[in-house]
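Shared between the two complexes below is subunit A, which has subunit B as its partner in the first and subunit C in the second.
Right after this comes the complex of A and B.
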């Protein structure tokens, strides 16, 4: 019997589990796969694909305007957690900033780690690619960035990381290579050489793949920005982005070390619900099914992309607990001890398929601590 | 084309669901430690997509796969990646042959029987430098690598089935490690069961096959699987539950047999298989567990074996050990230990094994507990090599707590 059973292991589930455990609750997290942080950019948007403000976000999602202080408190708690984990997030949800992505386009985001730097309006930018890394094409990126930033000078270069490999490298592989001081120094020399060849004397903004070190991201950031005499940023794109993997790995380790019980590679296939109250969820393991009982449950299975909702000819189906849903997949009259976190609350919450990191963290916070009026319940009570 | 290879080619279509999201690549311990490995995505679903209904391709990069199963845990689409890499390994061994070393290492049971029979000699010989130099030169087994000790008084010699008609009955799948290297683990398990009034029998059994799978010897692993399935079903059909103290044996019976054997009998058996701690937790949930445990004021680090996590059952060892009053247990959260069964005994993999083990060793050092607890004999081997803390199995701790409680009662 657990106090809290979290279903799902993306950003919403992970935060709900960590925060519930932090409140001294015996907590389990039921996981199918590694969770969607793995495939994310690692930056937390307000309204995905839009330049909306916090007020617009609060109307769209929807939160009552008087909950703004709670929202800011949730964000502060997230930032405090990332500081504790040694991977601090910056930014202000009231003032989203433009960042460049792995396609060279610019998007607005609210919260981002130190390895991501907002992109300026003007100046001289250089996009640096690695020859071994096909997921990041500097020329393509530089042309897109140039379109978005007409007042800026944008160049592209490509350098070899120079390590023998038996496989095609991912951004995470490159990040792990850059954990080594010698590899970083070699890269810096090659960048300088390329800049000299192209006659670029002083650039003030360097765009890298989402690869600026894995464990040694702080050293990489320092060595590159000092060595290049300019601001540097990661441009997250094709997964795995080191920007996101660092967050994922640290959250997971935090969950494990604080004593959250991980039911990995399992699937919730239903629930024992009596008088609109969940007693246990049915969990399918490799060899049989078992019941995991709890006092409170957090549904953090995601929306259609995450697999929590499924589009069928008869409408949108909720896949884990088989709750009745409306046309958007929003659970109707959910059990009284169930809290919805992230995209599991229905399609009306998602933009371009995703719910946005800020909603994930705020709804996870709400499921654990409760927000006034917006979400019923809250575990702290 | 060779029939055996055709056979290898017919299983598994879960690869079709692979979205190439790279979650497995990012989660694979070996991929993180070396660029020589092709990675689970390339060696699993992509290789399978390439060769399905086509000519079989032998890719030697598969040698680096340890079959730890972290890829399966990470896959959001439920692709059976480790099953696919198991087949890639089998193809490689089929085409390439097994080295004498890999043949020996994969025969844990035979080695166990022989080494146990001559235990004092074996253990001494394994510590002799000239002997280890020869082993390194001839067999490419690194001389620095520690080996588990073998016990002459193995569990086969010490245990006799006693049936007294308890309500719950356990058929104990001992596994090679507890049989030949650590009979104290097996004996502790029997004690724990007896403290709960549960009779334990030891069915006829062969090595679960995991070391064979890891070395591409799929045919032999299938033979062992078929033998164990038949032998254990005789018991489950009479109301016995099958319980393991080795998390790799547990994973084999619960999961691997479903893919390498795949028969209805394999499924029938799997439903009755429990990890020892999982079994005790189930007893507790049903109010049947003897909770008369003596306090043990200790601070302990728990190392979760990959094959424990792969069973998808939470962390039952911690759930159970936390019932001991005063017992403080902390999950090290260290990931893969790097021993990876036979992998860490191989000269060409030793560097990777040590690199992987470093994270675990650091976390043990940082926690600075009284000792470390883990279910897996191979993880223990790596812990013994890289840390100075004693390593115990959960059953040893529980047996001690039960025994102390009994002593306290009688005093």
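Right after this comes the complex of A and C.
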């Protein structure tokens, strides 16, 4: 019997599990697939796909303005956790900042790790692409950035990352290559060479793919910013983004090390619900099926994109517990010991397919710290 | 000064009919210009099943169309091997369908000389495991499949190689006449607005669903029923052969394998607007329910997109209340000189993809008569080159799947790709689903400021797979800028247009995995890549 059973290993699920465990709860996390942080950018937006303030966000999501202190507390807790993980996040949800994406367009985000630097209004930027990486084309990106930042000078250079590489790389592959000291040194030499060839000497902002090292991101960041004598940023875009993978790997490691029981490659196929109270969930693993009992359950299976909700010809279906849902996939009269984190709360919460990182973390926080209060707890009340 | 150009024949419409006519004219040494309002085959010619009819489908209701189809089936298998897969086909009788029809059908196929043979049910179930076990009788017929994308490109290329001219993205704005004779057409470049006069003593209206618009400009009466059919694409190919339902032709009764997918359709609803490519969820659900009679597992299979196109059906009298299914699938060749007193104008309409060559032959025969030429049609024998290549692209550093695809794709362009693929980056696979390399995409970009991902898709299969361009459309647009083949704004616009078009076809089939994929596409573009504002800007 667990105190808390978390279903799902996206951002919402991992945070809920880690925080519940941190409160001394016996915690299990049931995971099928790889978790959706893998496909994300690793920066946490307020309202996905549009600019908006914290007040607008609170109006759009089921929060009330008196909860603002709670929201800020949740964010502070997330930032503290990332510092502890050795991958600190910066930013203030009250003041979103502009960041450049892997297309060169600018979007606003609220929370971002050390490898992402907000994009300035002016100065001289250089977009650096790697020949082996088709998902990040520097000239295209530089021109889009130039459109967005007319007062800036934007250049583009393109270097081979490998010595004599023959394969197409993803941003994550490139990040793993840059974990090697000699690859970084070679990379810097090539960048300097190209800058010299193009007569660029005043650049103060370098835009890279989301590839600045995986394990060795801190060394990469330091070596590049010192070597180039400028600020450096990753521009997350087409998945996989190293910006996100680092967060994923570190959260998972934290969950394991802190004693969360992980059920990997395990699918929840239903629940034993009595008087609107979940006693246990039925799970299927590679070679057996069993029940996982708990006092509290957190549904963090995601929305349509995450697979927690499935669109069928007859409507939207909740896939794990088979709860009754409304037309948006919002569970109707959910069990009293179930908490909905992230996009599992229904389609009405998503914008362009996702809820956004800030909602994920706040709803996870609410589901865990609501556990202390009344059963139905959480800020969504 | 307005541009002008003189030729013998102006062909209106770059579908398979017009393109076939252009080739036939060129092979007979007649000067011709084809004018197409969009890209080649953007209409009905790429919005169909891709079925090479054996004629059996029409054996009872329309013996003339059936016989034409069968004869053309044999000719096309010989002359356009690069675009045809000789799959064979099955006609399957299921419970509840009329037994008397089967007898009439067998009788008619026999009389028409179309070879039909019953095969044992066990054999059919073994070869087509998804076929309903309720089947009562299964007959094999010489159906096949046509890749209409390669067909159009190859026919057009052959016409151009023989001296014909081709103007895509040019719309006809008027028909020039002198007394009771046409003298040419006014056209406008739809992209830069530039106008041009094309002087020609003969004008052929091969505009398919848009044919009535052309007739109207010429002031001649013409009644065409545009009968819109919806089709869906499954994520994989589950049938080896074409599977037809053995009954009077109706909705949702043909499954056609096409490369690695299966295409299923269709429906028939009349529409007044030739630009109506709308998709209807309810219509699709009904069609799938019907299809389950042949393939019971149909509802468990993943659909990746839907599309629709209109059959232009000719009606002699402008009768009301026709459903479209009872109008002939046969072709109509109209000499507006004889019919309406406007000499030099010819309309060719109706017909089938399978009979496009014959339509062209008959049309050009009439042209020759009018021009007093005795040049004979050669397209019964003159074959288009195959798409296969024996070269293994050994000089290129290619992924095995991409190599395999190129060896079944490059055809006569093998030497061109051999050269371009020597560049290491050109050999990179941009579209993983369909294994399209940058070399192929690069060769399909005109580089004239009009990057269009749909045009590239029709030439390379870019973005046709399960991810529907989520990854490769972005790469293609960005690479085009990188290689100086497109401007940034041009690339951004092409990308937004391309994503929107893919989303439309996915939206109507978006359940299960496809709904997930659609959301992923939206999230990546609108949120991760930050194109949200770009789209808003374009709407202003």
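By definition in this document, the second predicted complex is superposed on the first by the 367 of 381 C-alpha atoms of A that agree within 3 Å, B and C clash if a C-alpha of one lies under 4 Å from a C-alpha of the other, contacts with A are read in each partner's own complex, and residues count from 1 in each chain.
Simple rule for what comes next: a residue touches a chain if its C-beta (ideal position, glycine included) is under 8 Å from a C-beta of that chain, and two chains touch if they have at least 3 such contacts.
None of the values given here were measured: they were computed from a predicted structure.
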Report for A:285: first if it touches subunit B alone, second if subunit C alone, otherwise both or neither. first
According to the stated criteria, A:147 is in contact with first (subunit B), second (subunit C), both, or neither; which is it? second
By the touch definition at the top of the document, which applies to A:137: first (subunit B), second (subunit C), both, or neither? second
Tell me the contact category for A:40 with respect to subunit B and subunit C: first, second, both or neither. second
For A:354, decide between first (touching subunit B), second (touching subunit C), both and neither. second
Output check: A:311 vs subunit B and subunit C. Expected answer is one of first, second, both, neither. What do you get? second
Which of the two partners, first being subunit B and second being subunit C, lies in contact with A:239: first, second, both, or neither? both
Touching partner for A:48 - first (subunit B), second (subunit C), both, neither: second
Scan A:106 for contacts with subunit B and subunit C and give back first, second, both or neither. second
Show which residues of subunit A both subunit B and subunit C reach, each in its own complex. 39, 166, 168, 239, 307
Subunit A partner, complex, touching residues on subunit C are 285, 299, 397, 424-425, 428-430, 471, 474-475, 477-479, 481-482, 488-489, 491-492, 510-512, 515-516, 519-520, 522-524, 526-534
Flag every residue of subunit A that touches subunit B in the complex, lowest number first. 1, 28, 31-36, 38-39, 163-170, 172-173, 176, 239-240, 245, 253, 256-257, 259, 261-267, 283, 285-288, 290, 293, 307
In the complex, subunit B residues that touch subunit A: 21-23, 25-27, 31-32, 35-39, 42, 61, 72-78, 251, 253-255, 258, 270-271, 273, 285, 304, 309-315, 318-319, 330-333
Subunit A to subunit C touching residues, read off their complex: 39-41, 45, 48-50, 101-103, 105-107, 131, 134-135, 137-141, 143-144, 147, 158, 166, 168, 236-239, 241, 303-305, 307, 310-313, 350-354
